[in-house]
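A single structure is presented below for examination.
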Amino acid sequence: MSVPAPDPTRLPHRAALAVFLFLIALLPLAVPSRYYLNVMIFAGIHVLLTVGLNLVMGYAGQVSLGHAGFYGLGAYASGVLTVKYGVNPWVAMAAALGLSLLVGLAIGIPSLHLQGYYLGMATLGFGIILHILFVELLPFTGGPSGLVGIPEISLLGVKLNTDTRYYYLVWVVVGAVLLFAFHLVDSRVGRALRAIQGDETAAALMGINTWLAKVRIFVTAAAFASVAGSLYAHYVTFLSPDSFGFGFSIDLIVMVIVGGTRSIWGSVLGAVLLTILPEYLRGLKDYDILVYGAVVILVVMFVPSGIAGAIEQRLQRWRLKLATRARVAADA
Amino acid sequence: MKAGGGGALLEARGLEKSFGGLRAVNGVSLTVAPGTIKAIIGPNGAGKTTLLNLITRLDAPSAGEIWFDGVRIDRLPPHRIVQLGVARTFQNLRLFGDMSVLENVMVGRHVRTRTEMAGAVLRPAAARAEERAIFADALRLLHDVGLAEQAHEAAASLPFGKQRLLEIARALASEPRLLLLDEPAAGLNVREAAELGEFIRRIRLAGITIILVEHHMELVMEISDEILVLNFGEKLAEGPGEEIRTRPEVIQAYLGDEAAIAQDLRA
Amino acid sequence: MTFTDQLLQFVLSGVMVGSIYALIALGFTMVFNATEAINFAQGEFVMLGGMSAVAFYGARVPLPLACLLAVLLVTAVGLLFERFTLAPLKRVSVMNLIIITIGGSIFLKGSAMLTWGKDAASLPSFSGDTPIRVLGATLLPQAIWILGTSLVVVAAVRLFFDHAAVGKAMRAVAANRFAATLMGIDVKLMVACSFALSAAVGAVAGIIITPVALTAFDRGTILGLKGFSAAILGGIGSGPGAVLGGLLLGVLEAMGAGFVSSGYKDAIAFLLLILMLLVRPQGLCGARGSRKA
């Protein structure tokens, strides 16, 4: 009998990740100015957000329209603790993470009984409530005029106060989160999530506690978003509530879809490309928003499975062709 | 004696289920002895699938109790019932279409394996070993149903008959003690149906008790130990196949209905 | 002002804003029933209604005609929107459909900004600004216009779906797309109709609110969100639910603003909304069985 080897169509993700991170590590040597590093730092922070969101939306199939709220929670918790209470940034980051986990649980535990658009409504509502708190808790957050003077981070006595140093900090975290995600999706837990996405009832009848699985992944995504927020806060050193509103939640969803749902690489691509795109569109002045809208529509219309989805389909066809050719050669 | 009583593996007492004004299941009791195949037959809309939905808690019974091996299960969530050892297939196939054939069966192993998020991410030796075991077990099951060659194809791309087999393999992966099959022969041709009958018998030989909802009378008569006839949500008759076949009320309500006969004989 | 006067005042202003939300929610509902998707550009139709009415009025078109032209223009935009984004697609997931409407909303917002600039604009009230006293509360004449117009629109939509042939066909599509196709109904046309109608209703909402709340290119988003929330609260797909959800949301908001603080009014409204959803996961008027998205 012929025993199939592990799925030949599956990319050796860890090898690919190693190559990718190697290239990322070389990038600062190749770019002409620190402006590019600045953009790539934001791109990295966005990857943390989209990977988490993709686990919730793409893999587990649960709509979340308030992801920016957790991003803001991480950012503001870090900012407020360091600015108002003089807490060490790393301690503040950990505290922010703890807070986000708690809030994630508080939101996820009741909401994840809801389905479809009703869940969308609940997450949207929580996102808006968090945003309002950022604006209204004036004594802590500085309100609409913002929170200023967030300190820089030091690591082992080295101040991470240059773009190059911060770039490496962010992308080391991104690397860790990507490894986390690749391992997760290709495991018993990841299969359970995809089963829930495919058919929640059938998943429950496979013995999966679907609600618990959904809460866990929701909280995980909240944690990623919180870390992204803390990294953002210590990089820009200034926070304004506008960065964490509904609009940004939608931007994140667009990144995930354009990149390709149910693909971790898709989330990386989506976040990086859609962080870079607006920079290129800056030359268009006010017309950038038109082009951005049009690009979103056109990508979803013509590449509905996202960029990564399209690439994977292409690769799969190519592999099948190779496999067939090999079989024919063996028969001959 | 266990609370379930009488050495039955499954016992349901006075089950009722209404949807709006419609009584889909009305005062049905049944017992299934371990190691047997019990068939549930009846015209369309008789409440057969609803009965399975009550046992697996997809629908909550309006009244009545269900005991499985001494444990009352009618208030447990579905995933707990699966843990106890009840698995099922669906009349309208509910595979995870985007996942591969192999992955579908691997999901079936979920309930008998333990790796949680930490293990999945950190991959200690125990988690890796378990993952390998899941892979091997799933592959073995696919081999049993003759789908090993298609292991890496998308489940949705399989022909209909093979999807049915895959669903059974996926259910078996959870190591059930009781397997509920909802019209497994629907849409199969004569040869496939015969193979299915043979396969169901093998499942029973492995010690798994089976409840079979089926229209295909030939299959039902051939493999089941007992038959329960439902009509309009109520139990019409219960007993060994040959006896059921000759009961006048069954003939009148079900077998006597020419349309039903035609439908079932053709199936 | 006594407590009851205050309460009455809040309820009145809540109902006024709520009827705007109800109209927007009705737009969401119509498109949802035809396509199963949430059209996130619905809020932009509202904004475009207000902005184009301002533009026509600014070009010396008499106010009633300016409003009419604005509704027609936005209806046309709704049709074009459907024609160039959704109509060419064959098989598409609901999530992608939503993203396309989000892209469309960004596009419409940008177009409005480039056409009319970034400043807020207003229309004169339809019949003066002398407040009317109702019991212990005061009411702007425009509020009467808003309530009256909303009532007329809701009634007209109801009559349309109950009696007009096109309305009945649209309902058939909503109930069962496949069966509707078998009955010879042109489903694509009905989807286009639902967009046209939802755009028109949205435009009306945008026009009548402009004299009291101003309008600007970026006002569509928040109005759209409120309308979406109202539609969900009512039970997605239910017309009466949309109206009820809108009114309820408006009143909750007014109470929150009045009794707690205006800064927290949305937070209070959304919190109560979520609590209600947790108690009734299918919305106020939603069918129990229809829980999937």
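Chains here go by letter, A, B and C, matching the order in which they are written, and residues are numbered from 1 within each.
One rule holds for everything that comes next: contacts are C-beta pairs under 8 Å (C-beta built on N, C-alpha and C of every residue); 3 or more make two chains touch, one makes a residue touch a chain.
Just so it is clear, the model here is predicted, and its values are computed rather than measured.
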Partner chains that chain A and chain B have in common: none
Chain centroid nearest the full-protein CA centroid: A
Between chain B and chain A, distance of the C-alpha-averaged centres to the nearest whole Å: 40
Whole-Å separation of chain centres (CA-atom averages), chain A against chain C: 32
Distance between chain centroids, defined by C-alpha means - chain B, chain C (Å): 48
Residues of chain A touching at least two other chains: none
Multi-partner residues of chain B (at least 2 other chains): none
Residue list for chain C, restricted to those that touch at least two other chains: none
Chain B contact footprint on chain A (complex, rising order): 1-4, 6-9, 180, 183-184, 187-192, 194-195, 197-199, 201-210, 216, 220, 262
Chain C residues within the chain A interface of the complex: 38, 40, 85, 88-89, 92-93, 95-96, 99-100, 102-111, 113-114, 221, 225, 228-229, 232-233, 236, 261, 263-264, 266-267, 270-271, 273-274, 277-278, 281-283, 291-293
In the complex with chain A, residue positions of chain B that touch it: 56, 58, 77-79, 82-83, 87-88, 90, 94-100, 102-103, 106-111, 113, 115-117, 119-123, 127, 130-131, 134-135, 139, 143, 148-149, 151-152, 170, 174
In the complex, chain A residues that touch chain C: 57, 63, 110-111, 113-118, 120-122, 124-126, 128-129, 132-133, 135-136, 246-247, 250, 253-254, 257-258, 261, 286-287, 289-290, 292-297, 300-301, 304
